[in-house]
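Right after this note come the structures.
In what comes next, chain A is part of two complexes: it sits with chain B in the first one and with chain C in the second one.
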Partner chain A sequence: MPRKYETPLLDELEKGPFPSFVTEIKKAAARNDMAADELGQLEKSYRERRGYWKHGGIVGVRGYGGGVIGRYSSLPEEFPSVANFHTIRINSVSGFFYTSKILKEMCDLWDKYGSGLTNMHGSTGDLILLGTSTENLEPIFAEFSSRGWDLGGSGSALRTPSCCIGPARCEWSNIDTLDINYNLTQEWQDEMHRPAFPYKFKFKTAGCAVDCIASIARADCSIIGTWKGTIAVNQDEVATYAKNGMNIKEEIVDMCPSGCMSYDGKELKINDEDCIRCMHCIAKMTKALKATGEKGATILIGSKAPFVIGSTLSWVIIPFIKMEPPYDEFKDLIRKMWEFWDEHGKNRERIGELIIRKGMREFLEFIGVEPQPQQIKEPRRDPFFFWTEADLQK
Partner chain B sequence: MALPQRRTDIGPPHYKDFLPPVMLKNYGDWKHHEILNPGLMVHVANSGDKVWSIRVATPRLLSTDTIREFADLAEKYCGGYLRWTTRNNVEFLVSEEKNIEPLWKELVEKNHMMGGIGNRISNIVHTQGWIHCHSAATDASGIVKALMDDLADYFTTRETPNKVKLAVACCTNMCGAVHCSDIAIVAIHRKIPKIDHDKVKNMCEVPSTIASCPTGAISPDPARKSIKVNDEKCMYCGNCFTVCPPMDIADPEFDGVAIVAGGKVSNLRSNPKFSKLVIPYIKNNPPRWPEVTEAVRLILDAYIAGAKKHERVGEWIERIGWEKFFKVTDLPFTFQHIDDFTIARETFRTAATFKW
Partner chain C sequence: MEKEEVKQKIYALVEKSMGKKKLKSSDIQKTVSAEAGISRDEVKDALKDLIDDGKLIYTYFGGSFVEIPPKE
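Right after this comes the complex of A and B.
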């Protein structure tokens, strides 16, 4: 029988309408020693207002340099079943799709070898198996990998790429986000499982500028679907929106950031040349408006959370690229970026931080991309700039 | 019992093996979608086929018991097909219209919470917290639970001017997308790390520890074969602790959370933007952090009262101006609000135009 702890503080978090993580831990704790000690230690954290987990130490599975995050209780005598309690990252399926059969199979394995607790999903998009002992790592890997699953990324490596639901269910997707995500993941298994980068590298793929996967804020490489062409207008559907109470002037035309629309009460007109493809009108009038023409993606680089120089959003490197299998042009470009990073990056320096340190010119010249006004908000303000010998000869 | 033969570098399973037949058949050929109620939407393909999605909240941390329960429901009503959203909700993918009502009914009976679709509050993106992280300065799951209990109506029924995306990060490493959320909570430290000098020599690499500091506050301490921290430069980010564990920065008395607001990731209407500091510190008050839920309510209510239809929190604040935001919310403005980190000069007001 697992140990039983009094948890008066955590019990407070079983009240109220929203589903409770405490209830989840208790369900597992009723039959699992690790989950029981997790619960006990968490109650202590609530009482003492601090965490009791240690990191570090090399744990993993044979032949891999990542996919398992070492985690140890700093109170192993008090909570022996979580003395070592490592996280396993399972590479999730594009779009987070599952079948009941596969979920049940995973649950059976995880109950056998781990705490019975999961995160669906971690922030990067892995299926997180939350806590097991060192000796169970190899058996878990054998069980999961023999059934078609693999580990995700951790450390200074390619992290598990993720994508929006894309063409599987969305009418706005300009690219096959799920296939891009799957294809890139398969292409770079070695980069994911054997950390050899200066630091982490994340891909996120969004089908359009709505960016449901938050690629522009959370990926070293953000792939955002877009188009070159027109927005086709179905005027009958526009009339239906108006009839159903939409104030098309206020809600659509006046909110268009590039002022490229007009509406006279009968006809909605779009000056496509001035459209910046923000998706507002299409998102609000999905039955009436549809992007048409050449489909592809904008490639942006560099977003990350605050460490070390402050948060960054990704910025445009390639305004437009076709994204069709086998994505060779895109992959060649990424390999060049990684080469630049490998050559110049410091330990724990993200690629965006490196570009800021070295300057866009060095980066763009290295990867062979021309300067274009789409890459910037505005040109530089100060009169300090470099001229190379080659520039002087022009 | 012998283990099965392990395989390496096979990558994830192919997504097409997990799509319901209707999604496979109409892949890339969807026409439009409609939100039928806050927890139900229908996607219509050019072929006329339809798929209904019922969205159910989860706490992200799930036991295998609950996952099995979801799997059973999917088997009974959806041919076994379901997915998770990026904001930790489950979506049941229903191909037959007749199954919507009984599935909904059973979800209600099992006390599940449907909602989060459209202009309202969806589930909160958050991090590991005291449950499993070494650097947590608060417990993300506890704050999320307290907040979502308080805001439950905005998940299940009530509308907001546009989507309101909330996030909680349990330290400034920000594994959650706090830096670009409408309203977000990030846990902070306020005291410099306490160094265990005896352990530093065995556990830490001095150059990488020095390099981890954004403000250059760490320098070598050759006499002790250790490092020292300049308390005038340290901004308590805690990055050094991740590189060098004997630099313990957790402090039960002084740790707590800051609240930021006005960020977004979509390009809709206005460009993606960062969240900005609105409340520099609220003490950790587990188990339910009442001061945090109250503060989020205050900002949310001001947004609902002031924003135009379709405006996100950040768009509303930019329209009225930050000085007016502090006026309508009556939140104190402090030295902590004025940037003195890497982009400070970009944030100063270089115009004589502002509101009283």
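Right after this comes the complex of A and C.
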């Protein structure tokens, strides 16, 4: 029978209209010693205003340098069931499509080997299993791998790539996000499981600029679907939107960031040359507007959460690239970027931080990409291109 | 150079740096490939074998490193 703890501070987090992680931990704690001690330790943390977890170390499964994050209680005598409370990252499915049968199977396994607590999904995109002991790591890995699952990435490695649901359910998708995600995952298994980078590297693939997966803020390399053609306008549908109460001038035209639209009350006009493909109008008037022409992706680099420097958003490197299997052009580009990072990156320096430190010019020269106007981050901002002595002598 | 010899070089390098400096996989690849005059892929392949055999392990201390497993 699991131990019981009084949790007056955590109980406060069950009040109000929102789902509570405390309620879920309590459910697991009723039948699982690890979850019970986890609850007890968390209450103590809240009471004493300090954390009692240590992480890192040498745990893992043989042959893998990632996928298991060692976590230890600094109060093992007081909370013995969470003396080891390791996290396991399972490589998620593209677009997070699971069957309920698979999810039940996973939960049964996790009840057997771990705390029963999961995180669906972590911000990396993995399916996260929270809390197991060191001796259970190999058995649980064997159980999952025998069912076709694999560990995700952790440490100084390629992290599990993730993507939006893309063409599986979304008509706006300009690229096959699911296939790109799967292909990159298969291509770079070694980079994911055998850490050899200066620090972490994340791919996130979004089908369009709506960027449901927030790749522009969360991925070292954001792949965002876009198009080269015009936006086709169905004026009858535009009229229907107006008739149904949409204020097209205020909600669409005035909100266009490049000011490329006009509406005279009858006809919606778009100057496609000035369109920056932000998707605002298409997302608002789905039935009336549609992207046409060649489809591909914009490649951006460098977003990350605060660490060495503050948080950054990704930066356009390639305005347009065709994204068709086997994606060789894209993969070659990424390998060049990794080479630059491997050559110059310091320990725990993200690729975006390296570019800021070394300069965009050096980066672009190394990867063999010409400077382009789309790479300039903000108007009237230094375009990061400096002449060298050698250039001046030419 | 034979793969076994590369493996020995890698192991010796990791052993020598124990307690002084934690080595990243890329440090090992750069050092051994330069010393032995072989490609980084060859070093990477030999390192993979050492990890799979459990002679070396990955550790995480604010970054991922390659180390000799602790004696039981």
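By definition in this document, the second predicted complex is superposed on the first by the 377 of 394 C-alpha atoms of A that agree within 3 Å, B and C clash if a C-alpha of one lies under 4 Å from a C-alpha of the other, contacts with A are read in each partner's own complex, and residues count from 1 in each chain.
Please note the rule applied: a contact is a pair of C-beta atoms (placed from the backbone, for glycine too) under 8 Å apart; a residue touches a chain by one contact, two chains touch by 3 or more.
It should be emphasised that the depicted structure is a prediction, and the values quoted were computed from it without experimental measurement.
*Asks:* Which partner does A:376 contact after superposing on A: first (chain B), second (chain C), both, neither?
*Replies:* It touches nothing on chain B or chain C.
*Asks:* In the overlaid three-chain picture, which partner chain does A:64 touch, first (chain B) or second (chain C), both, or neither?
*Replies:* both
*Asks:* Just checking: does A:85 make contact with chain B only, chain C only, both, or neither of them? Give me first, second, both or neither.
*Replies:* First partner only, chain B.
*Asks:* In the superposed arrangement, which partner chain does A:150 touch: chain B (first), chain C (second), both, or neither?
*Replies:* Only chain B; A:150 stays clear of chain C.
*Asks:* Is A:211 contacted by the first partner chain B, the second partner chain C, both or neither?
*Replies:* So A:211 only meets chain B here.
*Asks:* For A:56, is the partner it touches chain B (first), chain C (second), both, or none of the two (neither)?
*Replies:* both
*Asks:* For the three-chain arrangement built by superposition, which of chain B and chain C touches the greater number of chain A residues?
*Replies:* Here the partner covering more residues of chain A is B.
*Asks:* In the overlaid three-chain picture, which partner chain does A:348 touch, first (chain B) or second (chain C), both, or neither?
*Replies:* both
*Asks:* With the two complexes superposed on chain A, say which partner A:195 touches: chain B (first), chain C (second), both, or neither.
*Replies:* second
*Asks:* Report for A:232: first if it touches chain B alone, second if chain C alone, otherwise both or neither.
*Replies:* neither
*Asks:* Which positions of chain A sit in both the chain B and the chain C interface?
*Replies:* Overlap of chain B and chain C footprints on chain A: residues 56, 63-64, 190, 347-348.
*Asks:* Name, in rising order, each residue of chain C that touches chain A in their complex.
*Replies:* Going through chain C, the ones touching chain A are 24-26, 29, 44, 48, 51-52, 54, 57-64, 67, 69-70.
*Asks:* Per the contact definition, I'd like the list of chain A residues that touch chain B in the complex.
*Replies:* My answer: residues 9-10, 12-13, 15-22, 24-25, 27-28, 35, 38, 42, 45-46, 48-56, 63-64, 71, 85, 87, 91-104, 106-107, 110-111, 116-125, 130-131, 138-139, 141-143, 145-150, 162, 164-165, 167-171, 173, 176, 178, 182, 185-186, 189-190, 193, 209-218, 224, 250-251, 255-257, 277-280, 283-284, 286-287, 305-311, 313, 346-348.
*Asks:* Over in the complex, which chain A residues touch chain C? Could you list them?
*Replies:* 56-58, 60, 62-66, 69-70, 154-157, 190, 194-199, 342, 347-348
*Asks:* List the residues on chain B that touch chain A in their complex, please.
*Replies:* 3-15, 17-19, 23, 27-33, 43, 51, 53, 57-68, 70-72, 74-75, 80-86, 88, 90, 112-113, 125, 127-136, 139, 141-142, 144-146, 148-149, 152, 155, 172-180, 203, 208, 211-214, 237, 239, 242-243, 245, 250-253, 255, 263, 265-270, 272, 274, 284, 286-288, 309-310, 341-343
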